[in-house]
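Below is the structure I would like to discuss, written out as C-alpha coordinates.
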Amino acid sequence: MAASNAGPSALEKEQIFGMAEKEMEYRVELFNKLTSTCFNKCVEKKYKESELNMGENSCIDRCVSKYWQVNNLVGQLLGTGRPPM
Amino acid sequence: MAASNAGPSALEKEQIFGMAEKEMEYRVELFNKLTSTCFNKCVEKKYKESELNMGENSCIDRCVSKYWQVNNLVGQLLGTGRPPM
Amino acid sequence: MAASNAGPSALEKEQIFGMAEKEMEYRVELFNKLTSTCFNKCVEKKYKESELNMGENSCIDRCVSKYWQVNNLVGQLLGTGRPPM
Amino acid sequence: MDKSMLGDLDNLPEADKIRMSGMIDQLQIRDSLRMYNSLVERCFSDCVDSFKHKKLQKQEETCVQRCAEKFLKHSMRVGMRFAELNQGAATQD
Amino acid sequence: MDKSMLGDLDNLPEADKIRMSGMIDQLQIRDSLRMYNSLVERCFSDCVDSFKHKKLQKQEETCVQRCAEKFLKHSMRVGMRFAELNQGAATQD
Amino acid sequence: MDKSMLGDLDNLPEADKIRMSGMIDQLQIRDSLRMYNSLVERCFSDCVDSFKHKKLQKQEETCVQRCAEKFLKHSMRVGMRFAELNQGAATQD
(Lines give C-alpha, C1' and ligand atoms only; values in the text may rest on other atoms or scores of the structure.)
Protein backbone atom coordinates (compact mmCIF):
# COMPACT_ATOMS: atom_id res chain seq x y z
CA MET A 1 0.00 0.00 0.00
CA ALA A 2 3.07 2.25 -0.12
CA ALA A 3 3.17 4.95 -2.78
CA SER A 4 5.29 4.14 -5.83
CA ASN A 5 7.35 6.89 -7.38
CA ALA A 6 7.43 5.45 -10.84
CA GLY A 7 5.64 2.73 -12.74
CA PRO A 8 2.07 1.73 -11.95
CA SER A 9 -0.07 3.72 -9.51
CA ALA A 10 -1.09 2.29 -6.13
CA LEU A 11 -4.53 1.45 -7.46
CA GLU A 12 -3.14 -0.25 -10.57
CA LYS A 13 -0.77 -2.18 -8.37
CA GLU A 14 -3.64 -3.47 -6.25
CA GLN A 15 -5.36 -4.64 -9.41
CA ILE A 16 -2.23 -6.38 -10.67
CA PHE A 17 -1.75 -8.17 -7.35
CA GLY A 18 -5.46 -9.02 -7.20
CA MET A 19 -5.31 -10.50 -10.68
CA ALA A 20 -2.16 -12.47 -9.87
CA GLU A 21 -3.85 -13.85 -6.75
CA LYS A 22 -6.92 -14.96 -8.69
CA GLU A 23 -4.74 -16.62 -11.30
CA MET A 24 -2.86 -18.56 -8.65
CA GLU A 25 -6.11 -19.61 -7.03
CA TYR A 26 -7.26 -20.76 -10.45
CA ARG A 27 -4.17 -22.93 -10.93
CA VAL A 28 -4.51 -24.48 -7.49
CA GLU A 29 -8.17 -25.24 -8.15
CA LEU A 30 -7.41 -26.68 -11.58
CA PHE A 31 -4.82 -28.97 -10.04
CA ASN A 32 -7.14 -30.05 -7.24
CA LYS A 33 -10.06 -30.78 -9.53
CA LEU A 34 -7.82 -32.69 -11.91
CA THR A 35 -6.34 -34.71 -9.03
CA SER A 36 -9.72 -35.55 -7.57
CA THR A 37 -11.34 -36.39 -10.92
CA CYS A 38 -8.50 -38.65 -12.06
CA PHE A 39 -8.47 -40.42 -8.69
CA ASN A 40 -12.17 -41.15 -9.14
CA LYS A 41 -11.68 -42.35 -12.71
CA CYS A 42 -8.52 -44.42 -12.24
CA VAL A 43 -8.01 -45.70 -8.70
CA GLU A 44 -9.60 -48.80 -7.26
CA LYS A 45 -11.55 -47.84 -4.11
CA LYS A 46 -11.43 -51.11 -2.18
CA TYR A 47 -7.92 -50.19 -1.04
CA LYS A 48 -6.56 -53.72 -0.93
CA GLU A 49 -3.07 -52.27 -0.96
CA SER A 50 -1.43 -48.90 -0.52
CA GLU A 51 0.51 -49.01 -3.80
CA LEU A 52 -0.75 -47.80 -7.15
CA ASN A 53 -0.52 -50.70 -9.59
CA MET A 54 0.68 -50.48 -13.19
CA GLY A 55 -2.80 -50.16 -14.64
CA GLU A 56 -3.67 -47.35 -12.26
CA ASN A 57 -0.43 -45.51 -12.99
CA SER A 58 -0.90 -45.62 -16.73
CA CYS A 59 -4.54 -44.58 -16.35
CA ILE A 60 -3.45 -41.58 -14.24
CA ASP A 61 -0.91 -40.43 -16.83
CA ARG A 62 -3.47 -40.58 -19.62
CA CYS A 63 -6.12 -38.98 -17.47
CA VAL A 64 -3.91 -35.98 -16.72
CA SER A 65 -3.03 -35.67 -20.38
CA LYS A 66 -6.66 -35.80 -21.49
CA TYR A 67 -7.78 -33.39 -18.76
CA TRP A 68 -5.17 -30.96 -19.98
CA GLN A 69 -6.45 -31.28 -23.55
CA VAL A 70 -10.03 -30.70 -22.42
CA ASN A 71 -8.85 -27.62 -20.53
CA ASN A 72 -7.27 -26.26 -23.71
CA LEU A 73 -10.25 -27.18 -25.85
CA VAL A 74 -12.68 -25.36 -23.59
CA GLY A 75 -10.33 -22.36 -23.59
CA GLN A 76 -10.52 -22.28 -27.40
CA LEU A 77 -14.30 -22.59 -27.36
CA LEU A 78 -14.66 -19.67 -24.97
CA GLY A 79 -12.90 -17.56 -27.56
CA THR A 80 -9.88 -16.72 -25.47
CA GLY A 81 -7.79 -18.95 -27.67
CA ARG A 82 -6.20 -20.45 -24.60
CA PRO A 83 -7.19 -21.37 -21.04
CA PRO A 84 -6.73 -18.69 -18.35
CA MET A 85 -3.11 -19.47 -17.48
CA MET B 1 -8.69 2.93 4.84
CA ALA B 2 -8.79 6.71 4.49
CA ALA B 3 -10.28 8.63 7.40
CA SER B 4 -13.82 9.86 6.91
CA ASN B 5 -14.79 13.25 8.26
CA ALA B 6 -18.47 12.48 8.70
CA GLY B 7 -20.65 9.42 8.68
CA PRO B 8 -19.42 5.98 9.76
CA SER B 9 -16.02 5.48 11.42
CA ALA B 10 -13.19 3.66 9.66
CA LEU B 11 -13.94 0.50 11.63
CA GLU B 12 -17.64 0.67 10.86
CA LYS B 13 -16.82 1.20 7.23
CA GLU B 14 -14.67 -1.93 7.16
CA GLN B 15 -17.57 -3.88 8.59
CA ILE B 16 -20.01 -2.46 6.03
CA PHE B 17 -17.68 -3.34 3.17
CA GLY B 18 -17.01 -6.76 4.66
CA MET B 19 -20.73 -7.44 4.93
CA ALA B 20 -21.35 -6.22 1.37
CA GLU B 21 -18.58 -8.50 0.13
CA LYS B 22 -20.07 -11.53 1.92
CA GLU B 23 -23.51 -10.75 0.52
CA MET B 24 -22.15 -10.58 -3.00
CA GLU B 25 -20.29 -13.85 -2.50
CA TYR B 26 -23.56 -15.33 -1.28
CA ARG B 27 -25.41 -14.24 -4.42
CA VAL B 28 -22.71 -15.62 -6.69
CA GLU B 29 -22.76 -18.93 -4.84
CA LEU B 30 -26.56 -19.09 -4.91
CA PHE B 31 -26.49 -18.53 -8.66
CA ASN B 32 -23.79 -21.14 -9.21
CA LYS B 33 -25.49 -23.79 -7.10
CA LEU B 34 -28.82 -23.11 -8.80
CA THR B 35 -27.18 -23.34 -12.24
CA SER B 36 -25.38 -26.57 -11.45
CA THR B 37 -28.38 -28.21 -9.75
CA CYS B 38 -30.82 -27.35 -12.57
CA PHE B 39 -28.33 -28.55 -15.18
CA ASN B 40 -28.17 -31.89 -13.37
CA LYS B 41 -31.96 -32.10 -13.06
CA CYS B 42 -32.93 -30.92 -16.57
CA VAL B 43 -30.23 -31.47 -19.17
CA GLU B 44 -29.60 -34.68 -21.02
CA LYS B 45 -25.97 -35.75 -20.48
CA LYS B 46 -25.35 -37.77 -23.63
CA TYR B 47 -24.74 -34.50 -25.48
CA LYS B 48 -26.15 -35.64 -28.82
CA GLU B 49 -26.46 -32.00 -29.80
CA SER B 50 -25.28 -28.64 -28.55
CA GLU B 51 -28.74 -27.04 -28.44
CA LEU B 52 -31.11 -27.17 -25.50
CA ASN B 53 -34.38 -28.68 -26.72
CA MET B 54 -37.88 -27.46 -25.81
CA GLY B 55 -38.32 -29.91 -22.98
CA GLU B 56 -35.00 -28.95 -21.43
CA ASN B 57 -35.75 -25.25 -21.73
CA SER B 58 -39.10 -25.53 -20.03
CA CYS B 59 -37.61 -27.74 -17.33
CA ILE B 60 -34.91 -25.13 -16.71
CA ASP B 61 -37.46 -22.31 -16.33
CA ARG B 62 -39.50 -24.29 -13.82
CA CYS B 63 -36.40 -25.46 -12.00
CA VAL B 64 -35.19 -21.89 -11.48
CA SER B 65 -38.63 -20.88 -10.30
CA LYS B 66 -38.87 -23.73 -7.82
CA TYR B 67 -35.33 -23.24 -6.57
CA TRP B 68 -36.20 -19.61 -5.89
CA GLN B 69 -39.28 -20.66 -3.94
CA VAL B 70 -37.26 -23.15 -1.89
CA ASN B 71 -34.75 -20.41 -1.16
CA ASN B 72 -37.56 -18.17 0.14
CA LEU B 73 -39.17 -21.01 2.08
CA VAL B 74 -35.95 -21.86 3.89
CA GLY B 75 -35.47 -18.17 4.63
CA GLN B 76 -38.87 -18.11 6.33
CA LEU B 77 -38.10 -21.26 8.30
CA LEU B 78 -34.86 -19.82 9.60
CA GLY B 79 -36.89 -17.01 11.08
CA THR B 80 -35.37 -14.24 9.08
CA GLY B 81 -38.59 -13.92 7.15
CA ARG B 82 -36.62 -13.72 3.93
CA PRO B 83 -33.45 -15.23 2.47
CA PRO B 84 -30.21 -13.33 3.05
CA MET B 85 -30.48 -10.99 0.06
CA MET C 1 -1.19 -2.34 9.82
CA ALA C 2 -0.11 0.00 12.60
CA ALA C 3 3.54 -0.12 13.65
CA SER C 4 4.25 -2.05 16.82
CA ASN C 5 6.89 -0.72 19.21
CA ALA C 6 7.76 -4.04 20.76
CA GLY C 7 7.14 -7.69 20.05
CA PRO C 8 6.73 -9.02 16.51
CA SER C 9 7.31 -6.80 13.48
CA ALA C 10 4.45 -5.66 11.24
CA LEU C 11 5.34 -8.32 8.69
CA GLU C 12 5.51 -11.07 11.31
CA LYS C 13 2.19 -9.90 12.65
CA GLU C 14 0.58 -10.19 9.23
CA GLN C 15 1.88 -13.74 9.00
CA ILE C 16 0.55 -14.63 12.43
CA PHE C 17 -2.88 -13.24 11.62
CA GLY C 18 -2.82 -14.91 8.21
CA MET C 19 -1.98 -18.24 9.82
CA ALA C 20 -4.71 -17.82 12.44
CA GLU C 21 -7.22 -17.04 9.71
CA LYS C 22 -6.29 -20.15 7.73
CA GLU C 23 -6.55 -22.30 10.85
CA MET C 24 -10.02 -20.99 11.59
CA GLU C 25 -11.07 -21.59 7.99
CA TYR C 26 -9.74 -25.11 8.36
CA ARG C 27 -11.85 -25.75 11.48
CA VAL C 28 -14.98 -24.38 9.84
CA GLU C 29 -14.39 -26.57 6.78
CA LEU C 30 -13.69 -29.64 8.91
CA PHE C 31 -16.93 -29.08 10.78
CA ASN C 32 -18.91 -28.55 7.56
CA LYS C 33 -17.51 -31.63 5.83
CA LEU C 34 -18.11 -33.73 8.93
CA THR C 35 -21.69 -32.45 9.20
CA SER C 36 -22.46 -33.06 5.55
CA THR C 37 -20.82 -36.50 5.45
CA CYS C 38 -22.55 -37.76 8.60
CA PHE C 39 -25.91 -36.45 7.36
CA ASN C 40 -25.42 -38.48 4.17
CA LYS C 41 -24.38 -41.58 6.11
CA CYS C 42 -26.97 -41.46 8.91
CA VAL C 43 -30.12 -39.58 8.01
CA GLU C 44 -33.06 -41.02 6.11
CA LYS C 45 -33.72 -38.84 3.03
CA LYS C 46 -37.42 -39.48 2.52
CA TYR C 47 -38.14 -36.90 5.22
CA LYS C 48 -41.27 -38.56 6.58
CA GLU C 49 -40.88 -36.50 9.73
CA SER C 50 -38.84 -33.55 10.91
CA GLU C 51 -37.42 -35.26 14.02
CA LEU C 52 -34.25 -37.32 14.13
CA ASN C 53 -35.16 -40.77 15.43
CA MET C 54 -33.15 -42.79 17.97
CA GLY C 55 -31.31 -44.79 15.34
CA GLU C 56 -30.29 -41.65 13.48
CA ASN C 57 -29.14 -39.93 16.65
CA SER C 58 -26.95 -42.81 17.72
CA CYS C 59 -25.56 -43.13 14.19
CA ILE C 60 -24.68 -39.42 14.23
CA ASP C 61 -22.82 -39.69 17.54
CA ARG C 62 -20.76 -42.61 16.31
CA CYS C 63 -20.18 -40.99 12.95
CA VAL C 64 -18.75 -37.85 14.57
CA SER C 65 -16.57 -39.97 16.82
CA LYS C 66 -15.22 -42.04 13.95
CA TYR C 67 -14.69 -39.01 11.74
CA TRP C 68 -12.64 -37.48 14.53
CA GLN C 69 -10.54 -40.63 14.78
CA VAL C 70 -9.96 -40.69 11.03
CA ASN C 71 -8.91 -37.04 11.23
CA ASN C 72 -6.35 -37.91 13.90
CA LEU C 73 -5.18 -41.01 12.08
CA VAL C 74 -4.52 -39.10 8.86
CA GLY C 75 -2.68 -36.46 10.90
CA GLN C 76 -0.37 -39.16 12.25
CA LEU C 77 0.19 -40.59 8.77
CA LEU C 78 1.19 -37.23 7.38
CA GLY C 79 3.93 -37.13 9.94
CA THR C 80 2.73 -34.13 11.84
CA GLY C 81 1.76 -36.38 14.70
CA ARG C 82 -1.53 -34.57 14.99
CA PRO C 83 -4.09 -32.98 12.67
CA PRO C 84 -3.65 -29.27 11.90
CA MET C 85 -5.52 -27.90 14.93
CA MET D 1 -20.43 -23.18 14.60
CA ASP D 2 -19.74 -21.88 18.06
CA LYS D 3 -17.48 -18.86 18.16
CA SER D 4 -15.47 -20.13 21.10
CA MET D 5 -14.30 -23.07 19.00
CA LEU D 6 -12.47 -20.79 16.60
CA GLY D 7 -9.90 -19.50 19.01
CA ASP D 8 -8.99 -18.25 22.43
CA LEU D 9 -8.48 -14.50 22.47
CA ASP D 10 -7.87 -13.99 26.18
CA ASN D 11 -4.11 -13.69 26.04
CA LEU D 12 -3.89 -11.15 23.23
CA PRO D 13 -3.20 -7.39 23.49
CA GLU D 14 -6.33 -5.26 23.13
CA ALA D 15 -5.73 -4.10 19.51
CA ASP D 16 -5.09 -7.64 18.32
CA LYS D 17 -8.14 -8.86 20.18
CA ILE D 18 -10.33 -6.41 18.27
CA ARG D 19 -8.79 -7.35 14.95
CA MET D 20 -9.02 -11.09 15.62
CA SER D 21 -12.58 -10.71 16.79
CA GLY D 22 -13.49 -8.87 13.58
CA MET D 23 -11.86 -11.66 11.58
CA ILE D 24 -13.92 -14.26 13.40
CA ASP D 25 -17.10 -12.25 12.78
CA GLN D 26 -16.36 -12.10 9.06
CA LEU D 27 -15.68 -15.85 8.93
CA GLN D 28 -18.93 -16.55 10.75
CA ILE D 29 -20.98 -14.39 8.41
CA ARG D 30 -19.44 -16.11 5.41
CA ASP D 31 -19.96 -19.53 6.98
CA SER D 32 -23.60 -18.97 7.86
CA LEU D 33 -24.38 -17.70 4.35
CA ARG D 34 -22.64 -20.73 2.85
CA MET D 35 -24.53 -22.99 5.21
CA TYR D 36 -27.75 -21.37 4.08
CA ASN D 37 -26.87 -21.99 0.42
CA SER D 38 -25.93 -25.62 1.08
CA LEU D 39 -29.13 -26.24 3.00
CA VAL D 40 -31.23 -24.86 0.15
CA GLU D 41 -29.32 -26.90 -2.42
CA ARG D 42 -29.57 -30.11 -0.38
CA CYS D 43 -33.28 -29.85 0.37
CA PHE D 44 -34.10 -28.79 -3.18
CA SER D 45 -32.13 -31.72 -4.61
CA ASP D 46 -33.68 -34.22 -2.21
CA CYS D 47 -37.28 -32.95 -2.45
CA VAL D 48 -37.88 -31.53 -5.92
CA ASP D 49 -37.72 -33.91 -8.85
CA SER D 50 -40.69 -33.11 -11.01
CA PHE D 51 -40.79 -30.09 -13.29
CA LYS D 52 -44.30 -30.33 -14.66
CA HIS D 53 -45.29 -27.27 -12.65
CA LYS D 54 -43.78 -23.88 -12.10
CA LYS D 55 -45.04 -23.65 -8.54
CA LEU D 56 -43.75 -25.70 -5.63
CA GLN D 57 -46.29 -28.44 -4.84
CA LYS D 58 -47.66 -28.95 -1.34
CA GLN D 59 -45.79 -32.22 -0.72
CA GLU D 60 -42.55 -30.70 -1.98
CA GLU D 61 -43.00 -27.83 0.45
CA THR D 62 -43.57 -30.25 3.34
CA CYS D 63 -40.50 -32.22 2.31
CA VAL D 64 -38.33 -29.09 2.18
CA GLN D 65 -39.53 -27.99 5.62
CA ARG D 66 -38.78 -31.36 7.20
CA CYS D 67 -35.45 -31.58 5.40
CA ALA D 68 -34.40 -28.14 6.67
CA GLU D 69 -35.53 -28.84 10.24
CA LYS D 70 -33.87 -32.23 10.25
CA PHE D 71 -30.63 -30.82 8.92
CA LEU D 72 -30.57 -28.05 11.51
CA LYS D 73 -31.17 -30.52 14.35
CA HIS D 74 -28.49 -32.75 12.92
CA SER D 75 -26.11 -29.83 12.66
CA MET D 76 -26.70 -28.85 16.30
CA ARG D 77 -26.10 -32.38 17.48
CA VAL D 78 -22.89 -32.63 15.50
CA GLY D 79 -21.85 -29.29 16.97
CA MET D 80 -22.29 -30.60 20.52
CA ARG D 81 -20.33 -33.79 19.88
CA PHE D 82 -17.66 -31.87 18.02
CA ALA D 83 -17.28 -29.43 20.92
CA GLU D 84 -16.89 -32.33 23.38
CA LEU D 85 -14.14 -33.87 21.29
CA ASN D 86 -12.44 -30.48 20.89
CA GLN D 87 -12.63 -30.03 24.65
CA GLY D 88 -11.07 -33.42 25.24
CA ALA D 89 -8.28 -32.72 22.76
CA ALA D 90 -7.58 -29.34 24.36
CA THR D 91 -7.27 -30.71 27.88
CA GLN D 92 -4.88 -33.42 26.62
CA ASP D 93 -2.37 -30.83 25.47
CA MET E 1 -23.38 -13.39 -13.66
CA ASP E 2 -24.50 -9.91 -14.48
CA LYS E 3 -22.66 -7.18 -12.59
CA SER E 4 -25.84 -5.20 -11.88
CA MET E 5 -27.17 -8.12 -9.85
CA LEU E 6 -24.39 -7.77 -7.30
CA GLY E 7 -25.34 -4.40 -5.97
CA ASP E 8 -26.56 -0.90 -6.59
CA LEU E 9 -23.76 1.62 -6.33
CA ASP E 10 -25.64 4.77 -7.31
CA ASN E 11 -26.16 6.14 -3.82
CA LEU E 12 -22.60 5.80 -2.58
CA PRO E 13 -19.99 8.55 -2.20
CA GLU E 14 -17.39 8.55 -4.99
CA ALA E 15 -14.52 6.95 -3.01
CA ASP E 16 -16.74 4.13 -1.80
CA LYS E 17 -18.10 3.63 -5.29
CA ILE E 18 -14.58 3.09 -6.61
CA ARG E 19 -13.72 0.69 -3.82
CA MET E 20 -16.99 -1.25 -4.15
CA SER E 21 -16.58 -1.41 -7.90
CA GLY E 22 -13.08 -2.83 -7.49
CA MET E 23 -14.44 -5.44 -5.09
CA ILE E 24 -17.10 -6.45 -7.61
CA ASP E 25 -14.46 -6.73 -10.35
CA GLN E 26 -12.34 -9.01 -8.16
CA LEU E 27 -15.34 -11.19 -7.35
CA GLN E 28 -16.25 -11.45 -11.02
CA ILE E 29 -12.74 -12.45 -12.04
CA ARG E 30 -12.67 -15.12 -9.35
CA ASP E 31 -16.15 -16.31 -10.30
CA SER E 32 -15.41 -16.57 -14.01
CA LEU E 33 -12.21 -18.53 -13.37
CA ARG E 34 -14.08 -20.89 -11.05
CA MET E 35 -16.83 -21.25 -13.62
CA TYR E 36 -14.20 -22.15 -16.17
CA ASN E 37 -12.74 -24.82 -13.88
CA SER E 38 -16.18 -26.28 -13.14
CA LEU E 39 -17.08 -26.40 -16.81
CA VAL E 40 -13.87 -28.27 -17.65
CA GLU E 41 -14.40 -30.70 -14.79
CA ARG E 42 -18.03 -31.33 -15.69
CA CYS E 43 -17.46 -31.89 -19.40
CA PHE E 44 -14.38 -34.01 -18.77
CA SER E 45 -16.27 -36.19 -16.27
CA ASP E 46 -19.29 -36.59 -18.55
CA CYS E 47 -17.37 -37.16 -21.77
CA VAL E 48 -14.10 -38.95 -21.01
CA ASP E 49 -14.28 -42.44 -19.59
CA SER E 50 -11.74 -44.47 -21.48
CA PHE E 51 -8.03 -44.24 -20.78
CA LYS E 52 -6.65 -46.54 -23.43
CA HIS E 53 -5.19 -43.56 -25.26
CA LYS E 54 -3.21 -40.54 -24.25
CA LYS E 55 -4.83 -38.33 -26.85
CA LEU E 56 -8.42 -37.12 -26.74
CA GLN E 57 -10.47 -39.12 -29.27
CA LYS E 58 -12.61 -37.41 -31.90
CA GLN E 59 -15.94 -38.38 -30.31
CA GLU E 60 -14.72 -37.23 -26.89
CA GLU E 61 -13.80 -33.89 -28.41
CA THR E 62 -17.24 -33.53 -29.98
CA CYS E 63 -18.85 -34.46 -26.69
CA VAL E 64 -16.82 -31.85 -24.77
CA GLN E 65 -17.69 -29.16 -27.31
CA ARG E 66 -21.41 -29.88 -27.12
CA CYS E 67 -21.27 -30.15 -23.34
CA ALA E 68 -19.57 -26.77 -23.01
CA GLU E 69 -21.93 -25.06 -25.46
CA LYS E 70 -24.96 -26.59 -23.81
CA PHE E 71 -23.79 -25.56 -20.37
CA LEU E 72 -23.14 -21.98 -21.47
CA LYS E 73 -26.59 -21.73 -23.08
CA HIS E 74 -28.09 -23.20 -19.94
CA SER E 75 -26.18 -20.76 -17.78
CA MET E 76 -27.38 -17.79 -19.84
CA ARG E 77 -30.99 -18.94 -19.61
CA VAL E 78 -30.73 -19.41 -15.86
CA GLY E 79 -29.19 -15.95 -15.63
CA MET E 80 -32.17 -14.39 -17.42
CA ARG E 81 -34.74 -16.15 -15.24
CA PHE E 82 -32.75 -15.37 -12.12
CA ALA E 83 -32.60 -11.68 -13.05
CA GLU E 84 -36.38 -11.60 -13.57
CA LEU E 85 -36.98 -13.10 -10.14
CA ASN E 86 -34.47 -10.71 -8.57
CA GLN E 87 -36.26 -7.82 -10.27
CA GLY E 88 -39.61 -9.00 -8.96
CA ALA E 89 -38.25 -9.36 -5.44
CA ALA E 90 -36.68 -5.89 -5.58
CA THR E 91 -39.89 -4.18 -6.67
CA GLN E 92 -41.79 -5.91 -3.88
CA ASP E 93 -39.65 -4.23 -1.24
CA MET F 1 1.46 -28.20 -5.37
CA ASP F 2 4.90 -27.00 -6.23
CA LYS F 3 5.53 -23.35 -5.44
CA SER F 4 7.35 -22.71 -8.71
CA MET F 5 4.17 -23.53 -10.63
CA LEU F 6 2.36 -20.58 -9.12
CA GLY F 7 4.43 -17.87 -10.67
CA ASP F 8 7.78 -16.54 -11.69
CA LEU F 9 9.00 -13.84 -9.33
CA ASP F 10 12.44 -13.21 -10.80
CA ASN F 11 11.59 -10.05 -12.72
CA LEU F 12 9.81 -8.19 -9.95
CA PRO F 13 11.17 -5.33 -7.79
CA GLU F 14 12.25 -6.44 -4.32
CA ALA F 15 9.21 -5.08 -2.40
CA ASP F 16 6.77 -6.71 -4.81
CA LYS F 17 8.73 -9.95 -4.65
CA ILE F 18 8.30 -10.06 -0.87
CA ARG F 19 4.60 -9.29 -1.09
CA MET F 20 3.99 -11.82 -3.87
CA SER F 21 5.97 -14.42 -1.99
CA GLY F 22 3.85 -13.85 1.11
CA MET F 23 0.72 -14.22 -0.98
CA ILE F 24 1.95 -17.54 -2.37
CA ASP F 25 2.76 -18.75 1.15
CA GLN F 26 -0.76 -17.92 2.32
CA LEU F 27 -2.29 -19.70 -0.67
CA GLN F 28 -0.15 -22.75 -0.02
CA ILE F 29 -1.11 -22.93 3.64
CA ARG F 30 -4.79 -22.66 2.74
CA ASP F 31 -4.39 -25.25 0.00
CA SER F 32 -2.60 -27.79 2.16
CA LEU F 33 -5.23 -27.47 4.91
CA ARG F 34 -7.99 -27.93 2.35
CA MET F 35 -6.20 -30.90 0.90
CA TYR F 36 -5.98 -32.38 4.38
CA ASN F 37 -9.73 -31.91 4.90
CA SER F 38 -10.56 -33.45 1.52
CA LEU F 39 -8.31 -36.42 2.16
CA VAL F 40 -9.99 -37.11 5.51
CA GLU F 41 -13.45 -36.77 3.98
CA ARG F 42 -12.62 -39.02 1.04
CA CYS F 43 -11.03 -41.81 3.07
CA PHE F 44 -13.74 -41.64 5.73
CA SER F 45 -16.47 -41.85 3.07
CA ASP F 46 -14.80 -44.73 1.25
CA CYS F 47 -13.79 -46.73 4.34
CA VAL F 48 -16.36 -46.19 7.09
CA ASP F 49 -19.89 -47.41 6.49
CA SER F 50 -20.94 -49.15 9.65
CA PHE F 51 -21.98 -47.25 12.76
CA LYS F 52 -22.54 -50.07 15.19
CA HIS F 53 -19.46 -49.03 17.12
CA LYS F 54 -18.12 -45.77 18.41
CA LYS F 55 -14.51 -46.79 17.87
CA LEU F 56 -12.85 -47.17 14.51
CA GLN F 57 -12.48 -50.90 13.73
CA LYS F 58 -9.16 -52.44 12.76
CA GLN F 59 -10.11 -53.04 9.12
CA GLU F 60 -11.45 -49.50 8.81
CA GLU F 61 -8.15 -48.19 10.12
CA THR F 62 -6.21 -50.24 7.59
CA CYS F 63 -8.49 -49.03 4.83
CA VAL F 64 -8.01 -45.37 5.83
CA GLN F 65 -4.24 -45.79 5.93
CA ARG F 66 -4.09 -47.35 2.48
CA CYS F 67 -6.53 -44.80 1.11
CA ALA F 68 -4.46 -41.90 2.41
CA GLU F 69 -1.17 -43.36 1.16
CA LYS F 70 -2.66 -44.16 -2.22
CA PHE F 71 -4.11 -40.70 -2.57
CA LEU F 72 -0.81 -39.05 -1.69
CA LYS F 73 1.08 -41.18 -4.21
CA HIS F 74 -1.57 -40.38 -6.78
CA SER F 75 -1.33 -36.70 -6.00
CA MET F 76 2.46 -36.71 -6.40
CA ARG F 77 2.23 -38.48 -9.74
CA VAL F 78 -0.38 -36.03 -10.99
CA GLY F 79 1.86 -33.19 -9.81
CA MET F 80 4.77 -34.51 -11.89
CA ARG F 81 2.68 -34.93 -15.04
CA PHE F 82 1.05 -31.56 -14.50
CA ALA F 83 4.43 -29.87 -14.15
CA GLU F 84 5.63 -31.47 -17.40
CA LEU F 85 2.58 -30.17 -19.27
CA ASN F 86 3.00 -26.73 -17.71
CA GLN F 87 6.63 -26.76 -18.78
CA GLY F 88 5.66 -27.67 -22.33
CA ALA F 89 3.05 -24.93 -22.46
CA ALA F 90 5.51 -22.35 -21.13
CA THR F 91 8.19 -23.14 -23.72
CA GLN F 92 5.62 -22.89 -26.51
CA ASP F 93 4.88 -19.26 -25.67
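Letters A, B, C, D, E and F mark the chains in the order given here, with residues in each chain numbered from 1 onward.
The rule we apply is simple: a residue touches a chain if its C-beta (ideal position, glycine included) is under 8 Å from a C-beta of that chain, and two chains touch if they have at least 3 such contacts.
Just so it is clear, the model here is predicted, and its values are computed rather than measured.
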What is the touch distance from chain A to chain F, in steps? 1
Hey, which chain ends up farthest from chain E, C-alpha centres compared? C
If you average the Cα atoms per chain, which one ends up farthest from chain F? B
Same-interface partner of A-F, chosen from the options B-D, A-E or B-E, over half of the pairs matching: B-E
Separation of chain D from chain F, taking each centre as the mean of its C-alpha atoms, in whole Å: 26
For chain C and chain F, let me know how many angstrom lie between their CA-based centres, rounded off. 18
Could you list the positions in chain C whose residues touch two or more of the other chains? 1, 23, 25, 42, 61, 65
Listing for chain D: what residues touch at least two other chains? 34, 38, 47, 65, 69
From the touch relation defined up front, give the order of chains around the ring, starting at chain B and going on to chain D. B, D, C, F, A, E
In their shared complex, chain E is touched by residues of chain A numbered 11, 14-15, 18-19, 22-23, 25-26, 29-30, 33, 37, 41-42, 58-59, 61-63, 65-67, 69-71, 73-75, 77-78, 83-84
For the complex, which residues does chain F have touching chain A? 1, 5-7, 15-16, 19-20, 23-24, 27, 31, 34-35, 38, 46-47, 63, 65-67, 69-71, 73-75, 77-79, 81-82, 85, 89
Per the contact definition, I'd like the list of chain F residues that touch chain C in the complex. 22, 25-26, 29-30, 33-34, 36-41, 43-45, 47-49, 51-56, 60-61, 64-65, 68-69
Residue positions on chain B within touch of chain E in the complex are 2, 17, 20-21, 23-25, 27-28, 31-32, 34-36, 38-39, 42-43, 45, 47-52, 56-57, 60-61, 64-65, 68, 85
